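Structures given as structure tokens follow.
Next come two complexes, and both contain chain A; in the first it sits with chain B, in the second with chain C.
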Partner chain A sequence: MKTLILKRLCFVLPQLVLVAAVVFVLLRILPVDPVDRIAGQFATPELRAQVEEELGLDRSLGTQLGSYLAGIFQGDFGTSWLTSDPVREEMVERFPLTLQLITLAFFVALAIAIPLGRASAAREGSRVDKAAQSYSLFAGAQPDFWWGLMFLFLFFFKAGILPAPLGVLTPGRQAPDEITHFILLDALIRGQLGVFVDALRHLALPVITLAFVLTGPFTKMTRQSVLSVSKSEYMLYADATGLSERAMKRSLLRNGLAPVLTLAAIFFGFLLGGAALIETVFTLNGLGLYAVQRMLVVDFPAVQGVVVWMTAFALLMYLIMDLLYAALDPRVRYSE
Partner chain B sequence: MLLEVKDLSIEYGSVGAPNHGVCAVSFSISEGEIVGIVGESGSGKSSAMLAVLGLTREGGRIVNGSVRFEGQELLGLTREEWRAFRGSSIGLVTQSPRAALNPVRRVGEQIAEVYRSHRKATKAQARERALELLRLVGINDPERRHDAYPHELSGGMAQRILIAIALSCTPKLLIADEPTSGLDATVQAQVLDDLRRVTREVGSSLALVTHDLGIVANYCDRVYVMESGEIVEESDVESFFARPAHPASLALLSKQQDSQDEALRLRGAPLDRIVLPSGCFLHPRCPFADQASGCMTEHPPLYDIGAGHRSRCHRHQTVRDALPSRYASA
Partner chain C sequence: MSHLEAEREVEAFPRAAVGRHIRRRDHFVLLLKQSWLARIGVSIVTIALFLTVFGPYIAPYDLIAATPDIYESPSTTHFFGTDGSGFDIFSRVIAAPRYDVTIALVATILSLVLGSMLGLIGAFFRGWTGELLMRGSDSVQAFPLFVLAIIFVIGAGRSLINIVIIIALLSVPIFLRLIRSEVLSLRERAFVESATANGSSRMRIAFRHVLPNAMVPGFAQASITMGYAIIIAAGLSFLGAGVQPPTPEWGSMIAGGANDIINGRWWISIFPGAAMALTVFGFAIVGEMIQTVLLRRT
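Moving on to the complex of A and B:
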């Protein structure tokens, strides 16, 4: 197990450096001139030169990349060109909201998809199965931001049971003093139940939106996997040995879920990207919205920071899921 | 009689136009006996034996017949009654042992789990029982093998694990479905020797499903030959090998001995049994088929040709004489 972790970590580092380098170069070959944006169209050549020097754009691309990568290794993601604040601080401030959003969505989706997938696998071709199948197709066929708008229309505009899509707290309500940066946790720790409920109500629609779209593929994956296990030689043999119902169910779940978990980890990576649109629709000040806003004002360090950060996070998730898979399936452990 | 199967029929596929997997098969096994069920692949022998446990492959259903075990009718048992019966009264060993074992569980645990499904035992007792069984089926170093995963075992070792699972509750009958088809010849003999030894030690009967007549000759007391979903010949082993009385048996025998004698072979592969041929099911492929004997028009009954030897062939006399004496010594 230890060698597996070490091996995987050896891959993670070069992957991160590569992603950082590619994003860095791609941004710089975009046909936009950041100096134009920052110094203004009518700036004097002297002012332009000064801005160029401040941003470090007067140096060669290689030197810029080198110092950027060196910075990342020390946890320094550079300074925002828009606010002059360290990008790292800005991300640390916003990431917890995104993480809460996608984690909640992820687990809500799993909590629905696993029982649903099992039920539809247990009765293949039944009404439950057909309903689950058409739902999977239907939910995945429209983009998540469109579902977000539909849910807003229904639950906020028509039914009025959930709040307007304006941030994570009702305007005027004070956020709890930060401990973990996770607003739900902080509210609970501080005992501010009102804040907790308010944040939960604001997060409800974005979470439902993401979970709604995600449950489709998760259900399909679970159904497929459980189905193939239930038709396997070893389940037939277990049945022929009169293995107890409880033991049969346990095998079905354990053997069926292992592949679902690894696939789900890949979706966790996708969710990070999907969060950008959902946060925009619901005006949640998370990392996704941050990336979208900063891209529009050519704040390269911020955009680079978000990409590297999210890549690192996605790779970490893959690693965790792989380890979980290895724990569930001994064949993986030995082939590595 | 330990096991008595009467007129068992199994169909596959659609109800409207079913594939007749097994057609009105009857056979019996008495206590302590080793019975061979032989036939080419697709003859229905595995389906018939699986049905004794109330199981069918996907899309199969038992449509008719009776299966009596120690006098008790099995078809019609509830799910829970079947679950209690399988494994404790009849043990099963299948042909691909590594596929039959759960790939993510230790083999010792899998033995213990089956034992605990049928007997009241603590985890420690079940583990003891698993180790005892591993020793019984001839596995060296049972403590270490107990903790192995199926993919770490050789085919012969995995087959012994299945035998251990099948014997965990000392069943009265063991069904071994092609138990050695994936193994090389030396391991084959070892596994079969062990299988015979352990069934004798625990005093159970053994139903040995195979396509290999050599195994039947060496290990069995009696033999049933299946073809086209039917039992076409039954006999004690001596009488069978002295003078086999059905073309399907001759075909198996000549295949076994790599004979080039086309006159003894069946033509082509087994047919789909969606529309059963008139007359003898085998006549389109049979070198002995003959209009005058009614092979094309009249379905043959099981003719009694003396001393419990029966053959479902109108021309069994001709067939018995067809075999050159050099084969008969098999």
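Moving on to the complex of A and C:
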């Protein structure tokens, strides 16, 4: 177990440096000119030179990259070209919202998909199975941002039971003083139940939308994986030795769930940025929306910061999932 | 060798290719007869491809010329209503596959070809070349891919070509892995051995014997990737990082009506989105069908 963790950590660091370097260089070789944007198209050459120097773009690419990477290792993601605030602070303000959104959506999606996939696998070929398969095929092939708008129309405009898509709190309501930066947690810690409920109501539709789309692949994976485990020779053997129904079910679930977790980790990594669409629909000031907005105004440090941050977080998720996998599936544990 | 295994070897044998082909087609027809879902999928894909070619020509109104009717709800003159600029939504919805489906189709074909080539190389040259390829494709997966697409398209310019390029590049690793694992299992089969015994060169074996067999799962994945590519292309323009309005494209049409929906003008976003959702669903079904046919064969 320990060697597994160490081995994986050894890979994480170079991968992170590689990702940072690729984004850094990519931004600078693409034909957008930040000096144009910041100094204006009709700036004098002197002004252009001055802006270039301020942004550090007058130095060679290698020097720029070197000092950027050195900064990251000290937790310094540079200063935003738009607001002149440290990128790290801006990300710390926005990331918790994205994380709460995705985490809630994953819990909801798994809570639906795992029982559904199991039921579907248990009655292979039946009507229930076919319906579940059709559903998972359908849900997995849907554009989330459009469904977000549909749900808004139904639950906000028609039914009027959920709030307008204007952020995570009703405008005018005071956010709790920050402790963890996670608004739901902060509200609970401060005992502000009203704020907690308000935030939850604002998060309900985006969470439902994401969860709906995620149930597609999760249900399919659960079904496949449970089916292949239940048809495996070791389960046949377990049955033949007269193992109790409960013990059988437990090992079926343990071995069957491991691939679902891996898939979940991959989707989690994708959604860190992919949630930008849902965040746009519901005006949630998360990290994905931040990345899009800052790229549109050529704020390179902010964009780089987001990519490095998301990659680091995704790699951490993969690591955790691999460890969980090893804990669930003895074959992985012993082969290491 | 058991009876079943023997049968499988015969089926994979190239000389039986003609017979295998008919049988695959039979499976397809059988699937169409048995499953209503399969019929829906094939119909959707057919309509989508038809509209990709003819959509702009059969649209009843000009695609980017405003009519005097602004914010009109669906009626017999405007089937899907009109938006704030007076554009006829029905015309634009059926013309949009010209952009969305074409982007997805070209991107998918590019990534299928590139991914298959690299997968083949990765499987046949298992030394440092293969290792490098696999590590490279792993590293791509570590990126937040959607953000990368946004960066690339905004940075390189919001042209159709750039959108196609980035979607194709992001989809290469899927095909690389799939074709590689397929080739790795195929090259252990008896027909490869016999081709080697015949004195066929490595290149000939790779391209004539192994690759054609490995491509079928590739096509199944391609149909699924088509759907995702449509979602990504539309998602990019929804965020203002893709095809520019007033181009008739589903994502930018949905974005155009996003603020109207909370005022009750539902038709502006809902119709383009529904068309897109159906199309993606159709491609997903066809991908699933190909996979099912494959499973029945072996």
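Everything that follows uses one rule, which is that the second predicted complex is superposed on the first by the 335 of 336 C-alpha atoms of A that agree within 3 Å, B and C clash if a C-alpha of one lies under 4 Å from a C-alpha of the other, contacts with A are read in each partner's own complex, and residues count from 1 in each chain.
Convention: contacts are C-beta pairs under 8 Å (C-beta built on N, C-alpha and C of every residue); 3 or more make two chains touch, one makes a residue touch a chain.
All values reported here derive from a predicted model rather than from experimental measurement.
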Chain C versus chain B on the shared chain A, clash or fit after superposition: fit
Which of chain B and chain C A:108 touches, first, second, both or neither: neither
Which superposed partner A:255 touches (first chain B, second chain C, both, neither): first
Touched partner set for A:165, first chain B, second chain C, both or neither: second
Touched partner set for A:295, first chain B, second chain C, both or neither: second
When both partners are placed on the shared chain, which of chain B and chain C touches more of chain A: C
From chain A, separation angle of chain B and chain C (C-alpha centres, steps of 10 degrees): 70
First, second, both or neither for A:69, with chain B first and chain C second: neither
Chain B versus chain C as contact partner of A:244, first or second or both or neither: first
Which of chain B and chain C A:21 touches, first, second, both or neither: neither
Smallest distance from any CA atom of chain C to any CA atom of chain B, in Å, after fitting: 7
Footprint overlap on chain A, comparing chain B with chain C: none
Residues on chain A engaged by chain C in the complex (per definition of touch): 15, 18-19, 22-23, 26-27, 30-32, 134, 137-138, 140-143, 145-146, 149-150, 152-153, 156-157, 164-165, 266, 269-270, 272-274, 276-277, 280-281, 288, 291-292, 295-296, 303, 306-307, 310-311, 314-315
Chain B residues within the chain A interface of the complex: 50, 53, 55, 58, 82-88, 91-92, 94, 96, 99-105, 113-114, 116-118, 149, 151-152, 162, 165-166
Chain A contact footprint on chain C (complex, rising order): 37, 139, 141-148, 150-152, 154-157, 227, 231, 234-235, 238-241, 254, 258, 261-264, 266, 269-270, 273-274, 276-277, 280-281, 283-285, 288
List of chain A residues in touch with chain B within their complex: 231-234, 236-245, 247, 251, 254-255, 258, 328-331, 334
